[in-house]
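First chain written, first letter: the chains are A, B and C, and each begins at residue 1.
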Amino acid sequence: MVLLNKKINLLVFSGEYDKALAALIIANSARELGAEVSMFFAFWGLLLVRNPEVSLPEDKTFYEKMFGMMTPKSIEELPLSKMNFSGFGKEMLKAMMKEEETPDLTAFLKGAIKKGVNFYGCKLSVEVMGFKSEELLPEVKIIDAKEYLKDALECDMQLFI
Amino acid sequence: MVLLNKKINLLVFSGEYDKALAALIIANSARELGAEVSMFFAFWGLLLVRNPEVSLPEDKTFYEKMFGMMTPKSIEELPLSKMNFSGFGKEMLKAMMKEEETPDLTAFLKGAIKKGVNFYGCKLSVEVMGFKSEELLPEVKIIDAKEYLKDALECDMQLFI
Amino acid sequence: MVLLNKKINLLVFSGEYDKALAALIIANSARELGAEVSMFFAFWGLLLVRNPEVSLPEDKTFYEKMFGMMTPKSIEELPLSKMNFSGFGKEMLKAMMKEEETPDLTAFLKGAIKKGVNFYGCKLSVEVMGFKSEELLPEVKIIDAKEYLKDALECDMQLFI
């Protein structure tokens, strides 16, 4: 089963552990079948491609600093979209995933990078949330909504996650 | 960069400030590139196209009246999909948008209308929620799920937001 | 109005009453117009195709048992995605649907089965959540992410719900 010459575009809007898993599993699977994959991270989705090692609060405004502190720096800290129960539900899901020897979110993210998924960050979201480009993973290219649309319209399938 | 002859369909199900922003930014950007855009507002999505100046509680049932009172009349009052913190997170986002001189949701909605985005309201949702057609923006045409599907299937890209 | 030769793929990720309604109304309407429809139930979406009559906790791990107990067995018990208010909002929606003589979720699910919508369950989700295949509706065929992608890419329209 191969999907050569096929292109997939995922707009990742949500910053939740389970939805991030879904998006990254689709992206990894599509690459394994030979399809081209673009992921466009917008709004909360940017939290998936935050560089956990870089934080540059110096030139930020008060709100930007506060936002940077209130949001999870590591993707493993992202909450669930439901049944999170202050983190308990998430830990339960992670334990259940471990029992099935399913890789964690970090492994799927690294897999996507290694397999050549194209990572894009939404320019407007980056600006509004006050991220410096160094605070995102080096693989992330910043593009605007029009460039996203151009890419998405060349794809055979588009999802908003 | 132009997208003439391209058509985009957005099913707006969510009634949240951030998701509404995402939908309307995509719609505006697509129109600026020359693409045709349909937005189909269903369920909570109808709260985006409520006419803030018209409220007709007279012929409504008890539940419909209560629903009308419990839901925001203005799109600027819509909550965030996460980190809302009883409105604090939303006000913070709005302040951050202002710092970047990003237009607010109302401006993007007016822009979409001005640019000729096609607005559709889901017939079943309108009936269940007890809206009169005068309570929605005059630009909204009520259609059913089958008409939505026919339109969406003629498009090059469809998103569920 | 007919949509013969058209194919629609719905990835149902959410386990919420309102989103389930949206997905099933689209699926039923598309079938009535002659289109082929696939629904791929992943993560919380699996709660829509749980067999209410079968529960097999015997061979499950501690977490899987707990998960089975904490999640609704019947689709009519699924919460709303917003304004749920500990179930009050959901009951209000159901009452409003009844006033309009709109069928409930169970009726739309049965309709989809009767009309020949293809039901797929996500293999990884089934394993992580610890479901036995007998605990899902007999119509559900278990497939993996790659099989989902192959099916979705043959479709004219794909949504992530």
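The working rule: contacts are C-beta pairs under 8 Å (C-beta built on N, C-alpha and C of every residue); 3 or more make two chains touch, one makes a residue touch a chain.
Owing to the predicted nature of the structure, the values given are computational and were not obtained by experimental measurement.
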One copy, chain A, sits on the other, chain B, after a C-alpha rotation whose size in degrees, in steps of 5, is 120
Residue numbers at the chain B-chain C contact, same meaning over half shared and different meaning under half, come out as different
So, in whole Å, the Cα centroid of chain B is separated from that of chain C by 25
In chain B, the residues touching two or more other chains are 158-160
In their shared complex, chain A is touched by residues of chain B numbered 1, 3, 6, 8, 18-19, 21-22, 25-26, 29-30, 32-33, 35, 81-83, 92-93, 95-97, 99-100, 102, 156-161
The chain A residues in contact with chain B across the complex are 11, 13-16, 42-44, 61, 63-64, 66-67, 70-71, 79, 124, 127-130, 144-150, 152-153, 155, 158-160
